[in-house]
Amino acid sequence: MKRTKLRYGMVGGDLNAFIGDVHRKAIAMNENACLAAGCFSRREEANKATGEHYGLDPDRIYPDYETMAEKEAEREDGIDWVSICAPNDAHYKAAKAFLSRGIHVYCEKPLTFTAEEAEELKKIADEKGLLFGVNYSHSGNVMVKEARSLVREGVIGEIININGEYLQEYLVDDIGNTDKEMLQLSSWRKDPKVSGGSNCVGDIGSHIEHTVSYITGLTLKRVCAMLDTYGQPLDLNANILVEFDNGCHGVFASSQVCVGHMNGLVVRIFGTKGAIEWVQETPNTLSLTLKGQPTQTLNRGMGYVHPETQALERLPFGHPEGLYEAFANMYRAFTEALLKKVNGETLTEKDLDFPSVEDGIRGVKFIHACLKSQENGSVWTDL
Amino acid sequence: MKRTKLRYGMVGGDLNAFIGDVHRKAIAMNENACLAAGCFSRREEANKATGEHYGLDPDRIYPDYETMAEKEAEREDGIDWVSICAPNDAHYKAAKAFLSRGIHVYCEKPLTFTAEEAEELKKIADEKGLLFGVNYSHSGNVMVKEARSLVREGVIGEIININGEYLQEYLVDDIGNTDKEMLQLSSWRKDPKVSGGSNCVGDIGSHIEHTVSYITGLTLKRVCAMLDTYGQPLDLNANILVEFDNGCHGVFASSQVCVGHMNGLVVRIFGTKGAIEWVQETPNTLSLTLKGQPTQTLNRGMGYVHPETQALERLPFGHPEGLYEAFANMYRAFTEALLKKVNGETLTEKDLDFPSVEDGIRGVKFIHACLKSQENGSVWTDL
Amino acid sequence: MKRTKLRYGMVGGDLNAFIGDVHRKAIAMNENACLAAGCFSRREEANKATGEHYGLDPDRIYPDYETMAEKEAEREDGIDWVSICAPNDAHYKAAKAFLSRGIHVYCEKPLTFTAEEAEELKKIADEKGLLFGVNYSHSGNVMVKEARSLVREGVIGEIININGEYLQEYLVDDIGNTDKEMLQLSSWRKDPKVSGGSNCVGDIGSHIEHTVSYITGLTLKRVCAMLDTYGQPLDLNANILVEFDNGCHGVFASSQVCVGHMNGLVVRIFGTKGAIEWVQETPNTLSLTLKGQPTQTLNRGMGYVHPETQALERLPFGHPEGLYEAFANMYRAFTEALLKKVNGETLTEKDLDFPSVEDGIRGVKFIHACLKSQENGSVWTDL
Amino acid sequence: MKRTKLRYGMVGGDLNAFIGDVHRKAIAMNENACLAAGCFSRREEANKATGEHYGLDPDRIYPDYETMAEKEAEREDGIDWVSICAPNDAHYKAAKAFLSRGIHVYCEKPLTFTAEEAEELKKIADEKGLLFGVNYSHSGNVMVKEARSLVREGVIGEIININGEYLQEYLVDDIGNTDKEMLQLSSWRKDPKVSGGSNCVGDIGSHIEHTVSYITGLTLKRVCAMLDTYGQPLDLNANILVEFDNGCHGVFASSQVCVGHMNGLVVRIFGTKGAIEWVQETPNTLSLTLKGQPTQTLNRGMGYVHPETQALERLPFGHPEGLYEAFANMYRAFTEALLKKVNGETLTEKDLDFPSVEDGIRGVKFIHACLKSQENGSVWTDL
C-alpha cells in the first residue's frame, strides 16, 4: 500500500531551542509526517523531557546520534529521514552517521565546516541515492518563489547588478565587551570551535548568498570581503563585493550590529528590463518594476502570481504567512519528494524544489572565500 | 493525574474549507490538544474524508452535530470542547447542542443571527459553568495585545477619536453582476438565510468593532450606518459613524469592493496624550506616537514591549508571525483556561484573555444596529 | 506690445505670516509677475516693513484695502490682480472691494462666511468679466492632476466609494484647556468672529471636499456630520458621512487633535475598475490599483504620466517638489489665464485649471451643511 | 550703509538647462540677492534669451566667462559672487577666472577634473580671502542637518558601519546601446572630455561621499571600487567598499541603471548606540533608532528637532519641502556669510555651514581613487 505519512527523527532541538521547535511545527503543518525518534540534546534531562513531550517511545530517545542512526536503521518502522538542528559543529558527523546507514537527511545550514566535508556528504548521498535537504529557509517563502519565476522567465532581462543585505542589531552590545556573561547571547555562534570560523557571514550572510542564487540561478565566482570583529573572536559585520558567473557585480552587506534592524534580509535583483525587491520582514509582498514603468507591489494570494506560486499558498491574500510557513514549504517539497521515493516513484527535477547538498557546498565555499579574502587584506578571492 | 492534553471536536471545516483548516493548524501549534471527533460537512463523503485524514475513529465521524453532541457527552473520553467553524446559520443551534450537554464551545463569529439567541447561549454556558470562546481572531495578534496594554495603562491618555477600517477588493465584481455563476465567490455570505442579514458588516465590519473594543475597553453606544448593496441582496460596503460609551466618536469603514486592499484591517486609536495604529497585513509592528514626539514603530519580540506581550511571542524579533499564530494565541488562552478547569483549578480574570460570549453578543448587536440604522435612512441607532 | 509680466498686490501676509510668504514665493517661481502694492497688515509698522522689504513704492503700501483698491484702480500701472491672504473675516469685503473696481482676485479659502456672500462675489466677477481664483492649494500638486486625469478618463471605472481624511495633531493641547495663553496657537481660527463658525472643517475639512471634487468631478449632495469641540468654542475634530450626486457614499475625517499626524491629507477614490490614493505628505507619488492587479506607485516625472501632467513638472523624477510648487502651479494657471486676458486673447475651459469662485461657493456650502447637521443632532443635511 | 542685498552672476544655466534654473529659483527664495550678470551658454542666442528673460542690462550678458570676470571686477556695481552651473569641464577655468579677480565663487560639483586643480583654486581663494561654496546640494536638506546634529552630539555613539546608496534607472537603456542618438540623454556626462573621467561616481556617487562626510565628520581613507561600464565609455554602476579615518567600514552603491529607482540617495549611519537613516525622496523625515528601542520617525517642523534645525525650516510640519528648499538652504548659508563679509563683519565657523572648496577637493579625490582602484583590478586604493 502506498504510504502517505513519513516518520522522522531529530538531532538537536530540545524544548528550549528556538529553531528545532520551528522545524517540528513546520513539519506538523504539512500533516504528512510524525516525529518518531530523537536525540534532542547532549544534556540527558533535556533530551528525555523533549522526547516525552512528543510522546516518543522511550527506546527511541537516544543518548547520541550515532546510536540513533544505528538503531533506527535496524528498525522495520525506523525513521525515513532525520532533521539535524544541532549547532554547526555537529552537522557533518551527524549527517554522515545517518547517510551512511541509508537514512535521508535534512540539515540546518551552514552545512559543514569545510567544503571537503560537504563534498564527502554529497558523495555518500549520491552513492546511496538519498535525499539531502539543507535548510536555507528563506527560499521557502512563497514570494521568493514568485521572484524566482519572474527572474528565471526573463521578465527583468539580463541581470546586471545585485544588492543583498541581512542586517540585525542584536549583538551590538558585544562591541568592546569583555564581560563574558554579556556574551552569552547566541554564544555558540561566537565560538569558532562550534560555529566553524564565522559568526555573521556564516549565520546570515549565507542566507543572502543562497536567496540570491535561488532566485537568479547565478553562481558566485569571487568575493572581496571586509569583515569587522570589533575586538571579538569572530565577525559581527561584513561588507562584501561580489561577482557572479555571468559577470554581474553587486554587494552583500550582513551585520549583527546595525541598530534599527531586526532580521532585515532584503534582496534586490536588477536586470536590463526590470528589477525585483523582496523584504523578509514583510514576506507576503514582492516589488516588481519594469523599465520605465511604475513599481508594482505584488501580493501573495492574488490571481496574477504564477500558478506554481499559487499552488504554494496556504492562506488567502491579505492573511499574513510568516516564518513557520516558509519552513513548512521547504519541508513540503522535501517530504513530498521523499514520499514519492519511498513509494518507488521516479523523481523529476521539479520535485526537488528545496535547497540541496550542492547549495550547502556552495554556501560553505562562500563563507570560506569571505574568511580567506579578509585574511589576505580584503582582496578578491575565488570561491 | 493532572491532564496536559485536551480532546476536541469540530463542526464544519472539511478538507476544502479555508477556516476550519486554520483552526486545526492553530490548535496543533499549541501542542496541547488533539482532534478526536467531528462533523465536518453535511456532505457525507467530505465529512468522512476529513475524519479519515486526521485518523479519527470512524465512530466519531458524525453525520450531524446533534448526534455528535449526544454521543460525545456520553463517552468517558469524550471531547472537552467543540470548535464550530460552519457557516453562520449553524452557530446558534450547534453551540446550543453542545453547551446543553456540558461541552465547552469555541465558535466562529458572528455568533448568532439575533442578540436573543446569543443571550440564550450565554445563559446556558453560565448555568453550566462552561467556557465559551468566540473567534474574533485578530485580537490574537501579539501586537494587538501590546496595543491593549498601552491603551489600558493610559499611555495615550483619554480616548477622543477612533478610526477603524477593514477594506477588501475581492467582491468588486459583484457590483452590477446578474450572472449567478460569478456570484459563487463566498456565496454563503451573500445568502441572507445563511449569513444572517449582513455580508460586509457581518463578516469584516464586526472585526473592526471587536478589535477596537478589545484594545480600548470601550463599548459602542450607537451607530449611524450607510450601507451600500450596489443592487445585490446584502451589503458590500459600509461607512459608519460611531459613538462609544465614553462619548468619544469615530468612524468605521468596511468594504469588500475597495480595489487595492486585500485584507486591510487598520485600527487607529487617538487619545489626549498619544495614538496607536495597527495594521493587520503587517501585524508584527505597532505604531505609537506620544503627543509632540516622533512616531515609534514597535516590533514584536523586542525587550521594550510589555512582559505579557513577550510571553505570547513564538518567534524572535524580525521573524514574521502571521494568521496561524493569531489563531493559535486565541486557542492557547482558551485551552490553557480549559486545562485549568478540567484539572479543577480556579480561573481568574487573567486566564480569560479570549473573546467571550459577551463579545459575541455585542458583535451581534453591532451588526443589527447597523442594519436597523440603514433601514431607517441611516439615522443614529442605539446598540 | 504683448505683456509678459503681471503686477499684483497683496492683502494680508506681512513678514511674520506663514501663508502670505508662501504666496509670494510661489508667484516668484513662475517669473511672470511682480509685487507692486500691498496692504499687508492692520498694524502699521508690520505693513510698512513688509512693503519696504519688497522695495515697494511707499505710495503703494496702503493702510487699508478699500484705499488700495480705489487707488490701484486709478493708476495706469495699477495691479492686475490682488491676492487676499488675510484671515477669513476679511475675504468677502476685500474681494468685493477689488472686484467692484475691476481688479482680478485670487483669494484664500474658505472664501466667505456665508454662501450668499460667495454668490454675490461670483455675480460681480461674472458681470465684470474678472478672473477669480480660490486657493485650494492641494489641487496644485502635480500628482493630484495626474489622479484627476486618470479618474476623469474612466481608468478606475464608475466611482463607488470615497475615503478622505485630513489629520493633524497640533491642537490636541486645546482639549480641556482653559488657559487662554495656551490657546494662542492659530488663535484666529478658533474665534468664531474671525474664522466664520468652524475651525477644523473650515480649515482642513474643506480641503478634503475640494481635492475629492477636483479629482472626481463629483459634487457633494448631503452630509451627516459629527463634530467634536471638546469644550472649546469651535470644532477640533469631525467625522462626516458624505453622499455625492452620483449616489456614491463615503467618509471624510478631519481633525486637529489626532496625535501622530502632521498634515495628513489622504484621498482615496474607489471605482468599479480600480482605485487611486494620494497622500499630501509624500506628494510626488500616486498609488493606482487596477482591479485584480498589483498596486502601482506612479512617480512624478516619469514618461508614463499623462502629457498634461508632464507639462506641469518643474523638476525631474525623484527630485521632490513640495508645497511651494503646489502653490506655484495654482498661480501658473491663474496668471497664464490672466496674461491671455490682458493681452486680449480668448480663454478656453482648459485655461481655467484653477479653483474658481464656484469651488469657493461649494466649499462654503459644505462647511455650513456640516455645521447645520451637527446642530440638528448629526442628521443628514443637504448642501 | 549696511548692505542687505547681493548681486550675482551666473556661468551656464541657460533657459533650457535644468540645474541653472534651480539655482536661480533657490536664490530667489532667500530674497537677498538679484541676478546682475551672466554668461549662460556658449550658444549666443540662448545666452541672450536667458539674460533678457531676467531683464539684465545687455552689457552684462557676456559672450564668455573670462570677459565677464574681467568686466564685472571693474564695475562699481559688479557682481558679489558667481554661480557656476556649466558642465564639469568649465568649472576649473571659470572658477579661476573669477577668483583671481576677487569675485567669490559658488560652483557645481564635481569641482574639477584633478585634485591639483581643486587645490589650486583653494589656494587662490585662501590668498584672496574669498568664499568658495561647492554645491553638494543634498546637505542643504533640513533633516540632513538634523542628522548631523544628532550624530555629532554622539546620540548614536561611535560610528561602526556606513551604508550609502544612490540609485537611478534613467540610463539603463545605455546598456548594450550602440545607437548614438539614444545616448543623447545626459550626453555630456558620458563624454570623458566634458565630465572628467567618471559618469556615475562623478555625478551621484560623489553625493553619497559628501552627505556621509557632512553628517558624520568622518573622512574617507581608502576605497575598493568595482565600476561597471557595460560597454559604454564611462561607468554606469559602482559598488564600492569604503574605509574611513576612524577605521569604520561600509559600502557605497551608486547606479544609473537600477530599474525602480528615481533619485534614490539613501544614507544609513550605524553607531554603537543607535542609527539614523535619511532618504532623499522623502526628505522631510529622518529615522532614528536608539539601541534596543523602537525606530522613531522624526518630522521636520516639530518641536523635538534641534533649535538649529528649526531655524532652517521654511514651512510648518507636514508641508513638504523639496529640492528647491535644499538648494535655497545652501545659498542662504553662503549668502548670509557673504553679506557679513561685504559688510566687514567677522565670520565664525558657524557662518560657514555650506560645502567648501575642501569638500570639493575631497570629492575629486574620491572620484579619482575609485577610478584608480578600478584600473588596478578593484583593489584598495588610498584617497
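Here the chain labels run A, B, C and D in written order, and each chain numbers its own residues starting at 1.
Rule of thumb we're sticking to: a residue touches a chain if its C-beta (ideal position, glycine included) is under 8 Å from a C-beta of that chain, and two chains touch if they have at least 3 such contacts.
What you see is a predicted model, and the numbers here were worked out from it, not measured in a lab.
**Student:** With chain centres defined as mean CA positions, report which chain is farthest from chain A.
**Tutor:** The most distant chain relative to chain A turns out to be C.
**Student:** Between A-C and A-D, name the chain pair that shares the greater number of C-beta pairs in contact.
**Tutor:** A-D
**Student:** Based only on mean CA positions, could you tell me how far chain A sits from chain B in angstrom?
**Tutor:** 35
**Student:** Using CA atom averages as chain centres, what separation in Å is found between chain A and chain C?
**Tutor:** Chain centroid spacing, chain A to chain C, equals 56 Å.
**Student:** Take the average of all CA coordinates in chain A, do the same for chain D, and state the distance between these two points in whole angstrom.
**Tutor:** Going by mean C-alpha positions, chain A sits 44 Å from chain D.
**Student:** Using the touch rule from the top of the page, what residues of chain A touch 2 or more other chains?
**Tutor:** Only 292, 295, 299, 302 qualify.
**Student:** If we count contacts the way the header does, which residues on chain D are in touch with chain B in the complex?
**Tutor:** Touching chain B from chain D are residues 288, 292-299, 302-304.
**Student:** For chain C, which residues are in contact with chain B within the complex?
**Tutor:** Of all residues in chain C, those touching chain B are 156, 160-161, 163, 165, 169, 172-173, 175-176, 224, 226, 228, 230, 237, 239, 241, 243, 249-251, 253, 255, 257-260, 268, 270-275, 277, 287, 289-292, 295, 377-380.
**Student:** Please name which positions on chain D make contact with chain C in the complex.
**Tutor:** 18, 22, 25, 28-29, 31, 53, 168, 170, 261-264, 280-284, 299, 301-302, 315-325
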